[in-house]
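Letters are used for the chains, namely A, B, C, D and E, taken in the order the chains are written, and counting of residues starts over at 1 for each.
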Amino acid sequence: MTIVANILGELFAPTTAAYALAAIGLNIHFGMTGLMNMGQAGFMLLGAYGFAITQMHGANLFSSVLFALLLAAVYALLLGIPTLKLGPDYLAMVTLAAAEIVRIVGRSTSMTNITGGSAGIAPQDFTTRFEDLSPLPDGTSTFLIWTYNNNIANSWWLRIVAWVLVALCAFLCWRWFRSPWGRVLKGIREDENAIRSLGKSVTKYKMQALIVGGLFGALAGVVFVLPRSLNPDSLGRTVTFYTWTILLLGGAATIMGPILGSCVLWVLLTAVKETMRVTIPSTVISSNQIEALGWIIVGVALMLLVIFRPQGILGNKKELAFNG
Amino acid sequence: MAENNKAPVDAAQRHDVGAAPAASVREPFYDIARWGTKPPEGEDLISTAYGDKVTRDLAFVENKPGVHKPDPILVADGVVRRFGGMTAVDVDHFEIERHGITALIGPNGAGKTTFFNLMTGFDVPNTGSWHFDGKDMQHVHPEQVARGGMVRTFQLTKVMSRLTVLDNMLLGAPDQPGEGMFRSLFPGMWRRKERENREKAEALLERFLLIKKKDDFAGSLSGGQRKLLEMARALMCDPKLVMLDEPMAGVNPALKQSLLDHIISLREDGTTVLFVEHDINMVRHIADWVTVMAEGRIVAEGQPKTVMDDPAVVDAYLGAHADVDLGGDSVLEGLEERS
Amino acid sequence: MASTYRFTAARRRRGAGWRHALCAMAVIAVVCLWCGLSAPTAQADEAEATDKCVPTAEFGCVNGILQGSDQKPIAGVTVTLGGAETGETTTGDDGTWAFKVADDGKYTVTIPQDVAKRYGFASASADVEIVKTSFSKQRGVVRFDKTSTSDAASKPSAAASGMKRPATTDAADTSGKPSASSATWTRFCQQLYSGIVFGLLLGLMSVGMNLVYGTTGLSSFSHGEQVTLGGLMAYVGTQMLHMPVVLSAVCAVAVGALTGLVQDQLIWGPLRRRRVGTMQQMIVTIGLSMALQYLYQFFFGGDIKGIVKSVPEGIQIGPITTNAPALICAGIALATIVGVTVFLYCTRLGRATRAVSDNAALAAASGINVDSVVRIVWTLSCALAALSGVLLGIYLNGIAWNTGVTLLMLMFAAVTLGGLGTANGALVGALVIGVVADLSTLVIPSDMRYASALAILILVLLVRPQGIFGKRNRIG
Amino acid sequence: MNAVTSPDRKAGKRHGRKVARETEGGTDIYGLDGTADAPRPMSRAEVHVGEPEGEPLLDADNLVAGYLPGVNILDGASLTLHDGEIVGIIGPNGAGKSTLLKSLFGLVRIHAGRLMLRGRDITNLRADKLVAKGVGFVPQTENVFPSLTIAENMRMGAYQAPKKFDERFEYVCSIFPKLGERRNQLAGQLSGGERQMVAMGRALMMQPSVLLLDEPSAGLSPMMQDETFIRVRQVNKAGVSVVIVEQNARRCLQICDRGYVLDQGRNAYSGRGRDLMNDPKVINLYLGNLEEEVEKAGQ
Amino acid sequence: SDASAAADGNGMVVGALLPLTGTLAYLAPPEVAAIKLAVNDINAAGGVLGKDVTEVEADTSDGEHADQNTSAAQSVLAKHPSVVIGPAASGVVKNVYKSIVAEKIPVISMASTSMTLSGMDPYFFRTVAPDAVQGAVMGDLIAGDGVKKLAIACFNDEYGTGMRDIILGKLKLAGVDVVYGEQDAFDPAETNYSSIASAIKASGADATLIISYDQATPLIKSLASAGVDTHRLYLVDGNTVDYSKTYDAGLLKGSKGTIPGAHVDDAFLAALKGTGTEVSDTTYAAETYDAVILSALAAEQGGSASGETIQKNLASVSGADGGEKCDSFKACKALIKDKKKIQYSGKTGIGAFNKNNDPSSANIGIYEYDDKNVNVFQAMQSGDVPSE
């Protein structure tokens, strides 16, 4: 029972929401505009830094979030101006490199005074104001099979806020997808020179997409660090790869794809690991190996999911036919 | 040459001819029958005013490369583009007459497409300047060129594969407020315009025999259909000057013929047409003016008839077999000697 | 430890002897009462001079080493302790001296003025504070060869400011040596050299990835794991099966090639046939990478495995110090990459791989068996990865389950920098990355050196968006 | 003219067939779009009108093929090619001509129907195996390797016979001298027409016994178009059977022994090249009469 | 509280958050074994409050998998533990502790040594001394050995730079020149150490301090091939391990290392091996073992296995208020039965928890490598852990 609760708990865990947000942002980049952003974690990290550092210095929540968004937007601009001309695979590498640079600089000893260096920023330094804002009473609550703390760290309050954000972003996305703006972005995804020849400023649209997706990424970063601490290494390449996996698992260029993908990935991961823990006694193989085996199974399951449903869970098989 | 603007009249005649297909004739599979070799009902040209004017004006223009024309819309000066050691384009002076239908012909690799690229900002010349409608067009981005009213199509078609044909068309429409990031969130602000665009697009698709495919992905179009879509999409913009790069290569002859009338009718809406084409009949049929390029230079210019009879053009471009039946033995015999 | 005590006992007694005579026996008795049974020989005012001292609950230590600036120990010098307890000792042959002190408090250590002067010490005495229970104060180390403790604080360390650039510090310190610039030059050469060697290895690692990209358009995220596999297989060969290195390497490459073949049969082939896009295939490689990483962890655990145990002897070539394995690794890497380039550009199959990458359908229409070409490429790519894994494991002195994935970023950077899918691109890109990363440590902190390499990538792409060797196709 | 140009063919026999225009079969059997215009299928006899006797070299019978599951682009198309023939396929855009060629060549999956080469079943055989059997193919679009040089593109053409490369390349250069001059230029940088030359050249490098050409003349200058057609005739004379899809239909039909008109994935008309060219319905529906109009206007 | 209330009914549940996978996985086996051993020992002595203790484990992975950190915490929390042992790395502790302590369940880390964790939360404890302690000892060791020019190869990680800064302070006082690495630190994910090695060689240092985890394995070899003297290396707890199987004999002879915690006897290692886990060394095993025993004793003393009770009694059973010393669960339990105050002095030799919930005193062992590259115990330094 606790296992089931744990597994299903991942469905709406803050982490799931954070990844869903990041994937929604990536969906605007890749799914809509065809920008191969391999550095979504960079946006997330900057968002998280923007939020946590201002919180640490006593800013109020609203301005912290605003600052996080601002930081991501500025980063998107700086990144976009010189690189949006690049071909997709090259752009992928540049964004990947840029995100790594953000992380490496953020964790470098020379930045310790600002970013906390490799130690990052401890939760007590930046989460309290958010937790204090909660209208919920202190203590824990149980809803159906799930019991979480109301306000602290991995809490109901964070879950509510996170999923409201996800819903909001998904709504925006939905509006954009079905609007002429979205159509231009999709056009750019297919052939930017054709769009150019039709009088649309490709750079402007790409930049808009990069910024909007980056803002979602920044929000994701904030949500990601709220239940834990801000550690630059925890927002590295792995996060970007997971985000990509989520996006393509759910189905690129769909509204619900990123959300569903995130839920599926984390539920799958937890399900595998939890069941491994209980089903394999550690006398057979060591607990190290059990956990490693769990990851192996998750890796293989991911492969199989994509192999047997390459267009993603919600994706359109037809689109796949015209080389995706 | 005056006959050129008789095309509308011809069209009207054709209309009568093909009006009532005999009952015994097998109906064609495709709705091409509706278009076949005639314009659709009610789409006869009403006016030939611009056409007449252009014919009049050009009649007095000397037939030599780089002449000045009475009312040029595009003027290019000293445009040179080199690739490595090779000079792809080297145009001293070139003008395009407003409202005229100008054909740009020349052997393969003459630099026609490169010239298009240069004019529309997709490529940057080594030297040269050009003005469109009086505006300096150097260092202008392609999208600004297009917004300025100079729209081109691509020889190697560029369709947005994973967008429907209709969406491809709608992308061609200018001034859609919904294409702004914030305005797009409020459908009220763009619905009306969208509906207008859609009507226009559907009309064009109908004309280009693509209406049945409108909800299919453009990536599923056949080679010729892509060409058609490319051209139709360019026409969505209501351009001042439309530059068509081999728009009819790969298009079914019957449809091609019917589309020529459409091109002619464009002029009466105030559009100037510059097109590259290797189909001599088409050039003869609709062009008011023909410019010949070879090895990057403009080597001849003039009324279609004059130019086509120019022995240099015949030699370098049309070739010795232009009027020969290729089924005949003579062609092969000559060849065997040669090789 | 016991032996150390034995060896020093005789020598120390002499110094402590006359101190005993001066001190009142009554005081000894009082101290014995204080300290309890565990420290029968301790005295209130008298610190015990010992050879070596380890602080305990009862004793703190004041100790040090007396040596000249050339690090030669100065033996037989009298060291006097003053303060809460007093004592005197002479430095041993290795220059060491030590006092056990029982009292917390401030102590002063002095050496004779003339000794200090002779060796050019700044001061002949130093102060320390002992607090037995505090780790940071239970031992007071006094060194005369450097600035004394008292003025250490007031005199901002000159070294500290120069520290960021070790080369300059070195130059300053070795003022007696010929010239500062030659040291810098040596350092520069050494870094350049190690950058080049690493660049070559990185090139070998990435060339396989570039082949796969070039043929199928797929950026393989599991390539790092193929590299790891090579290293781990070599480890299995040398350390578990005790085979010679070369044989292990050959086996590792064979295993690598086999995995490539099997992978293509089981995964990539079917995916290609079902026309799954490269983005999707990329996600499959991410999944595969995850599975493989943890598979290695499953079998090999989480620690770093060394392929060879011995440390090779250094070879001096001009200003560069290196060793035979490094040279051999670099040589093999270079030869292999050149071989692959030649293969790509000069052989029929090589051209076929490039053709497949351009347009698989057309390649098939030209009579190329696309499937078999791709299979060969996968096999080759994985074999090359395995080879690079072996060389890497030897050159970097170890391989772990995640070595490949940590290097993946650099491989991508190298491939991109050189031009995606171009044969020699990987080599040149990797050399640039390797050299920039290593040379940049001359000017920036080394934890940021890969940032500099990545920054170079971005800069180069701004100038050449298609990479160094990439060619741009025309528009229209 | 057939009899004159290719005396080796038993042209006379082709006239003997009765052209059955009307056949039974409801108009709606294909249920295409429910329009009353929907055609009746051609009978077998109709399809094979004008065909020489004997076992065909290539025989496609009632092919059903498509790109996506459930959507059949080819809907029972048939085609035969006899030894030494040039067969032309024309039809409106999107009729399925390219699809037919691709399915002949194993690049589009055939769902139903039968495809025989020299009496052997080659349905859905892999493309490279077909090349080994002597079938060559020039696609309509994406018909060059953009990041290979011209010379390398040509080498790809001669992939299965690398020894013959030099000799063949010389031959190709004699047709398209430009290819020789620019042999080290990347194909991706070439102009549209030059690409077309490369594609055609690539096919000629193969020395196939059956050549499938998809709009080889598109984008070529008139002189080069003529040159291409003449060369097709020349290789045909040297013993290569050719299937050629063209939109430059008049020129194409001039050199064809027989022609098929394809519409909506099915055969609409077929007959000898000249007959089709002069068939008023074919002219009206597919060929147009631009040439005449221009002539008329010119006078 | 809610979460651990259930624990009262079903006996004590020990939650363990261990780095079973990821970059710290090499540290896990001794920890796993130690937990097992402790639980076995407790149950052999009759369990806690008459009921057997059970253990639940979850894998935190490493700091790069922050999502797994919290997910593991959630997984353990759902099983209503009375106490959570772990996580190992300081960064991971920061990622998870809040949601656990919010449930009023004590977290006892066995390996997180970051100084910023001191006194972080009343429910956070650790059985390992913060880096300051080891840093001070190491600094003195280096200075006392007469090193004049020291090179520091330190990795940029909270542990690395934190420890380095402490050592640097010590060295400055003693007047040791740091010729390389005062600012410079290498990336923890570094694989190519040749440039660091050549920089160290070029710096002309006469001894080298290496602060890292198992990055030391390749690093030492790179140093050796660059010509750096490998007989004068100083290693810290992250890398002071038995290198006899790694290098040729004699490579490290004379080099020194420090490890916090009492020098554990071979019997303990044998006992660890007896749990069926494959262990080769005892790094953090004693700390883990003591953490479990201490929490069990706290529950026993408080008479309840709830988190709150354990938290309240942890300091006391560790000896904060004095009491009779005992060195095993069995002995201590007996004393508690007799209503005596106890002072558990376990395998680590740490003192009672201080007001920061750090050990009030600790031991640092000093080791020297012999000619087989085995780290041989030399001496033990003990002292108080600073609580300011």
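We adopt the following convention: a residue touches a chain if its C-beta (ideal position, glycine included) is under 8 Å from a C-beta of that chain, and two chains touch if they have at least 3 such contacts.
Going by UniProt, the chains are A, C = Branched-chain amino acid ABC transporter permease; B = Branched-chain amino acid ABC transporter ATP-binding protein; D = Branched-chain amino acid ABC transporter ATPase.
Note that the coordinates shown come from a computational prediction; the quantities given were computed from them, not determined experimentally.
Note on connectivity: the fewest steps through touching chains from chain B to chain E is 2.
Geometrically, the chain at the heart of the complex, using CA-atom means, is A. Across the assembly, the mean Cα position most removed from that of chain D is the one of E.
Between chain A and chain E the centroid-to-centroid distance comes to 33 Å (mean Cα coordinates, whole Å). Centroid to centroid, with C-alpha atoms defining each point, chain D and chain E lie 78 Å apart. Spacing of chain A relative to chain B, judged by their CA centroids, is 47 angstrom. Computed centre separation for the pair chain B/chain C is 66 angstrom, with centres defined by C-alpha atoms.
Across the assembly, chain C contributes residues 294, 297, 301-302, 445, 447, 450, 474-476 that each touch 2 or more other chains.
Among the residues of chain A, those touching two or more other chains are numbered 104, 107-110, 193, 288, 292, 294-295, 318, 321, 323-324. Residue positions 21, 25, 28-29, 156, 183, 185, 187 of chain E each touch two or more of the other chains. Across the interface of their complex, chain E is touched by residues 2, 5-6, 9-10, 13, 15, 19, 104, 107-110, 112, 117-120, 122-124, 127, 139-140, 142, 147, 149, 152-155, 224, 227-229, 231, 233-236, 238, 242, 266, 269-270, 273-274, 277, 282-283, 286-288, 290-292, 294-295 of chain A. Taken in their complex, chain B has these residues touching chain C: 113, 116-117, 122-123, 154-156, 245. Those residues of chain C whose C-beta lies close enough to touch chain E in the complex are 1, 54-57, 63-65, 67, 69, 71, 73, 94-96, 132-136, 138-139, 141-143, 145-149, 152, 157, 159-160, 163-164, 166-167, 169-170, 173-174, 183, 186-187, 190-191, 194-195, 197-198, 294, 297, 301-304, 306, 309-312, 314, 321, 323, 326, 392, 395-398, 400, 402-403, 406-407, 437-438, 441, 445-447, 449-450.
Chain contact summary for the complex, chain E toward chain A: residues 1-3, 18, 20-21, 25, 28-29, 32, 57-59, 61, 63-67, 69-71, 73-75, 78-79, 90-91, 94-96, 98-99, 102-103, 114, 116, 120-121, 156-158, 160-162, 183, 185, 187-188, 276-278.
Considering their complex, residues 172, 175-176, 179-184, 186-187, 189-191, 193-202, 208, 212, 318-319, 321-324 of chain A touch chain B.
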